[in-house]
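So, here come the structures, one by one.
Paired with chain B in one complex and with chain C in the other, chain A is shared by the two complexes that follow.
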Partner chain A sequence: MREADPKFKLKVRQIPGAEKLMLCFQCGSCTADCPVARHEDIFRPRIIARLAILGFKELLFSGDLLWLCLGCYSCTEHCPQGVKPTEVIEALRNIAVEEGKLHPGFKQLLDALLATGRMYKITRMKERARAKMGLPPAPEVPLEDVRKVLDLAGLTSILGKASGGGEA
Partner chain B sequence: MALSESGNEVRIGVYICHCGTNIAGVVDVEAVRRYAERLPGVVLARTYTYMCSEPGQKLIKDTIKEYKLNRVVVAACSPRLHEPTFRRCVAEAGLNPYLFEMANIREHCSWVHMEEPERATEKAKDLVRMAISKVSQLEPLKPMTVSVKRDVLIIGGGIAGITAALDLANAGFKVYLVERQPSIGGHMAQLDKTFPTMDCSQCILTPKMVDVARHPNIELITYAEVKALEGYVGNFKVKIEKKPRYVDEDKCTGCGVCSQKCPVKKIPDEFNAGLGTRSAIYIPFPQAIPHIAVIDPEHCLYLTKGKCRVCEKFCQANAIDFEQKPEEIELDVGAIIVATGYEVYDPTQDEEYGYGRYEDVITALQMERLLSASGPTGGVVVRPSDKAKPKKVAYVQCVGSRSKRPGHAPYCSRICCMYAIKQAIQLKEKYPDIDVCIFYIDLRTFGRGYEEFYWRAQEAGVRFIRGRVGEIWRNREGKLVVRAEDTLSGRVLEEPFDMVVLSAGLRPAAGTKDLAALLKIPLGPDGFFLEAHPKLRPVDTVVDGIFVCGTATGPKDIVDTVAQAKAAAAGAMALLSRGEIVVEPLVAVVDEERCRGCGRCEEVCEFGAIKVVEKGERLVAEVNEALCKGCGACSVRCPTGAVKVRHFKPGQVLAVVRAVRS
Partner chain C sequence: MRCGLFLGCLVPARMAAYELSAREVLEALGVELVDLKAGCCGSPYIFSVSHRAGLALAAYNLALAEEAGLKTVITLCNGCNEVLKRTLEALKDEHEREAVNAILAKVGKEFKGEVKVKHIVRLLYEDIGVAKVEEAVKVPLEGLRVAVHYGCHLLRPSEVMRFENPDDPRSMDELVMAVGAESVPYVEKLECCGFPAMPVSEDLAYDIAAEKLTSMIASGADVAVTACPSCFLHLENAQIVARREGAKIRLPGEIPVLHITQLLGLAMGLGPDDVGLRENRIKPKAVLRMLERAGVRCRGG
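After this line comes the complex of A and B, so read on.
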């Protein structure tokens, strides 16, 4: 039986944006409006809030649950209690990362950022398309400077902690 | 020996209450007693566990007599609780009740300094010393009697106003019932059936409406509004403006021919919540009281363009009168009951529900009119868009309520769960094959018979889905798709329906803010009228003589509305029954020799209670003791010190201040 940590919610609501977490009364407005929930059976902002309040950290930080949020804010706009689920999810992601539970998909994006200075590769096809449209080639990335900035922002240490999240 | 202001010896008894452990648990009451006993003027000091109890009061009365005391200090709870109790007790012992002072050593001491008992005890001693100092300076006073008029004004002719009017009229009081609409009946007249009994609303309401019209003690003033109020409890002067109907009320027989002949027909009908239409001259609904036509000046061809007058041609009773002007009516009443009701939230701003964009998304009040046999479709429920019978109807609960979003109300509107269930049962009874689904967050079926009513809906096959609706849109087939999460199964549903009914919440009636300003009664943060105490005085306002009842103080069902209306009527009866009321004498008093009639007191008085008048050859200020609240603003402003507030005169207040420092 997974352990619930009743003190977890107190930690979450200290993070700016997530202060109203405990006001959630599980109406389901957030999930009803969520564009991701329509297509992904496991993603329910309502359930994320519930797990956070009950303190089921293991369930919360496992799998894709926290990481499918697009940050569209539909849930936050509709929530009648002012819970701001988008920001709660953001807060939970930050806690997850601190505990080394970064999702592998996100880790890949961040690794790419550190390696190339970009999250997405500019392919030769894209360069050709740019030339066709009369656009100059994609600018060079000042990689050393970018790495320095990201390091100062703490990205290297986050990636160092990341065990990759992964399936429960 | 301590002397009072008039130079006589004061003999003070000090009584210190333990209040169980409320005071004695923090303050060392025995130490305070020993301290008080030694102060000048104090003859004796006693303590007791509960001073307000029978034995406590007996202690006070017995010692007053035995020791010939002429002043009493009780150190206990807040005077707001027991000042009247102890004043009565002291009076029963033969002492003037205003030669009494309370020291609040509970709310002002033990309850707020629970962590510091020693300092709390010292503070209690200070408070007692201050009270002793004050009481030495107090003078005997007599309460005043003010005569009151036995007539009552009721503002609002819905079920609350009607109920209060009938109770008062039956008790022999004269009632003026003022209603803003052309007919009484309010929202209850728009309902088809009432929960949980499924009584026909009109059937239980109209007999009362007729009683009101016929009652010799009730004067019904419809199509009229209160415009100004002056005066004070028992003696209010009200100005009412009656709008012109352009129909002579004494001549019109209510035959309705004018309405049939009127060429202007397609005006959205207020009674049918915008679903039906009416003419420019109309009778609001078949059971309207008074059953008299009224002309809508914004749509009448004659009043706007000078043409037509067809109604006049056809009226057999010669009742049309285009020359009618607004009428001003002045009334003198002893009490006022505010029963102005509510209005339904307009969900147009909630774009996710499509109200206003899709014709087939309607409010529950509009559905009520469709269900009603006297409604625009004769009781046949059809889609407004194509008049087809709906096979699937969705109910969306908590629209505009229980929400922190801008434009929404944080409160629960209390009746929507029940009215949705009621309408769902009605739809199932009319159309057994119809599918009705209620999307809810909670089901609040709190009253007597309400939970059983919910079972009835479940047994009738009404579907209930726990999940607040996120969005409604029309698909290519013309169906209204409702998206919600069924939180109990975790599935996100997108289901097509033919019609959607929004259970829109309740708001204060239009004009509530203006009426509150006019009557000088406060509103709560939710915009409804504020009662004097939410638990113990639900139908009083902070203004003596003005009562409030029904949905004017917040959402409630008919049962609670009627109970409150009866309570307000009883309150008015209690106030006025003896023809006079007793008023506290703690009001301003003018020393006419010192007054030079400068009028500065009159400028600062919020209550209009002090005015400069001619007396003989001089101008002096005069206090209306019934209006005066004893706030002291005039006394502060008075440049000569002519105006003082009894019981709080400068000498009396300064005595307390000096006692703080000694």
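After this line comes the complex of A and C, so read on.
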């Protein structure tokens, strides 16, 4: 039997957007609306909310579970209790990341952001194609500023920890 | 009307045709664009990793626009739209704004909260207006059947977007009808395209796209129309993937995808090359036939 942490919900509730977690009455409107739930048997927003309330952290943080959410907000729009399941899952990801469990796919994108100021690289070939179409060069990123802002906001250290610690 | 243009990454990296057609259409409708010297918005992904970092980067980008004296920032991307708008909302909280401004002060910037963020669809719908778009049409695309794809973060979360009823939006449908085309109903109209799952599970991402595309194709539409580079990329890519032998997804046919500004631009009399149609990998034959009938030269298509 896995250990439940009764204080876990208090931590989740502190994160902006997840304040109303405890109002969930398990109706399942979120799961009915979820495009991921149609394709992934393990992904049920209703169950994720239940596990968060009960504090089954290990189950929540196992495998890719939390990272399958698309962030489409369909559940948030239709929750009769205003629980905002999309935001709850985002809050749970924040906590997982604090514990070094950042999904490698997400890490790769954020590493690129920190290194270049962009998540998607603008290749030389694309720059030439842009010029041929009569478009101006892609805006130059104020990289030094961007890196400093992300560093001061704690992203550099989070990404560093994620590479040292275990990955999801 | 003078607006800042926030391009983000995916548009300049992959979707030059969207940028080109957006610039052409907005210019024709009297919008003056000022290019912001900014990079990535952080994408909605950044908020899953660090709320503070997401807010700080978006506030920095918005501060650039304020510094340039701009009142409105335009995005072409639903992802950028979500990031920038949720930041505006979150930074109404004084506590949060102070914390973020303490970071920005270290690079000599300040977020004042004086700037508005508008997705291009919203600018076209609310500020320019459907009537003005209709007046600008030179080649009515009568009889063209369009499957409109709103994408998520133009409408949802509605508490942040405060735009349209997310269960019954009208803006893109009305813009499509303004050029004489028909917006066809389809079951999966308001569903996500699946793109955000790409870093975690490509199979899942393409399964969701296939479900959406199947619904679009079943509606009998000639083209799908998007207003987001991620949605466009994914809905087109999924069809290219489905062509491969042994592909995991199967589709009952194909449907060309157009950026909404390509559709508007062509109807407003721009040529295929003016809207970058060479970049579209599935050619919109029904549209090209209509243009040819109207006497537009379509060598680029």
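Heads up, the rule we're going with is that the second predicted complex is superposed on the first by the 154 of 168 C-alpha atoms of A that agree within 3 Å, B and C clash if a C-alpha of one lies under 4 Å from a C-alpha of the other, contacts with A are read in each partner's own complex, and residues count from 1 in each chain.
To be clear about the criterion, contacts are C-beta pairs under 8 Å (C-beta built on N, C-alpha and C of every residue); 3 or more make two chains touch, one makes a residue touch a chain.
Computed from a prediction, not measured in an experiment: that's the story for all the values here.
Novice: For A:10, using the defined touch cut-off, is the partner it touches chain B, chain C, both, or neither? Pick first, second, both or neither.
Specialist: A:10: touches no partner chain.
Novice: Examine A:25 and indicate which partner it touches, taking first as chain B and second as chain C; both and neither are also allowed.
Specialist: A:25: touches chain B, not chain C.
Novice: With both complexes superposed on chain A, which partner does A:76 reach: first (chain B), second (chain C), both or neither?
Specialist: Touch partner of A:76: chain C, not chain B.
Novice: With both structures superposed, pick whichever of chain B and chain C touches the larger number of chain A residues.
Specialist: Between chain B and chain C, the winner on chain A residue contacts is C.
Novice: Contacts for A:115 in the overlay, against chain B (first) and chain C (second): which applies, first, second, both or neither?
Specialist: Neither: A:115 stays clear of chain B and chain C.
Novice: Look at A:38 in the shared chain and tell me whether it touches chain B only, chain C only, both, or neither; answer first, second, both or neither.
Specialist: So A:38 meets both chain B and chain C here.
Novice: Applying the touch criterion given at the start, work out whether A:46 contacts chain B, chain C, both or neither, answering first, second, both or neither.
Specialist: The first partner, chain B, only.
Novice: Applying the touch criterion given at the start, work out whether A:67 contacts chain B, chain C, both or neither, answering first, second, both or neither.
Specialist: Second partner only, chain C.
Novice: Both chain B and chain C contact which residues of chain A?
Specialist: After superposing on chain A, chain A residues 38 contact both chain B and chain C.
Novice: If we count contacts the way the header does, which residues on chain C are in touch with chain A in the complex?
Specialist: Listed in rising order, the residues are 7, 9-10, 12-14, 16-17, 19-20, 23, 35-40, 42-53, 55-57, 60, 64, 90, 103-104, 106-107, 109, 152-153, 156-158, 166-167, 190-192, 194, 196-201, 204, 207-208, 211, 276.
Novice: Mind listing the chain A positions that touch chain B in their complex?
Specialist: So the residues of chain A in touch with chain B come to 25-29, 31-34, 37-38, 44, 46-47, 78, 80-82.
Novice: In their shared complex, at which residues does chain A touch chain C?
Specialist: The touching residues are 15-16, 35-36, 38-40, 64, 67-68, 70-74, 76-77, 84, 86, 90, 93-94, 97, 102-103, 105-106, 108-110, 113, 116-123, 126, 129-130, 133-136, 138-143, 145-146, 148-150, 152-155, 158-159.
Novice: Where on chain B does chain A make contact in their complex?
Specialist: My answer: residues 352, 398, 402-405, 408, 441, 466-471, 483-487, 490, 492, 494.
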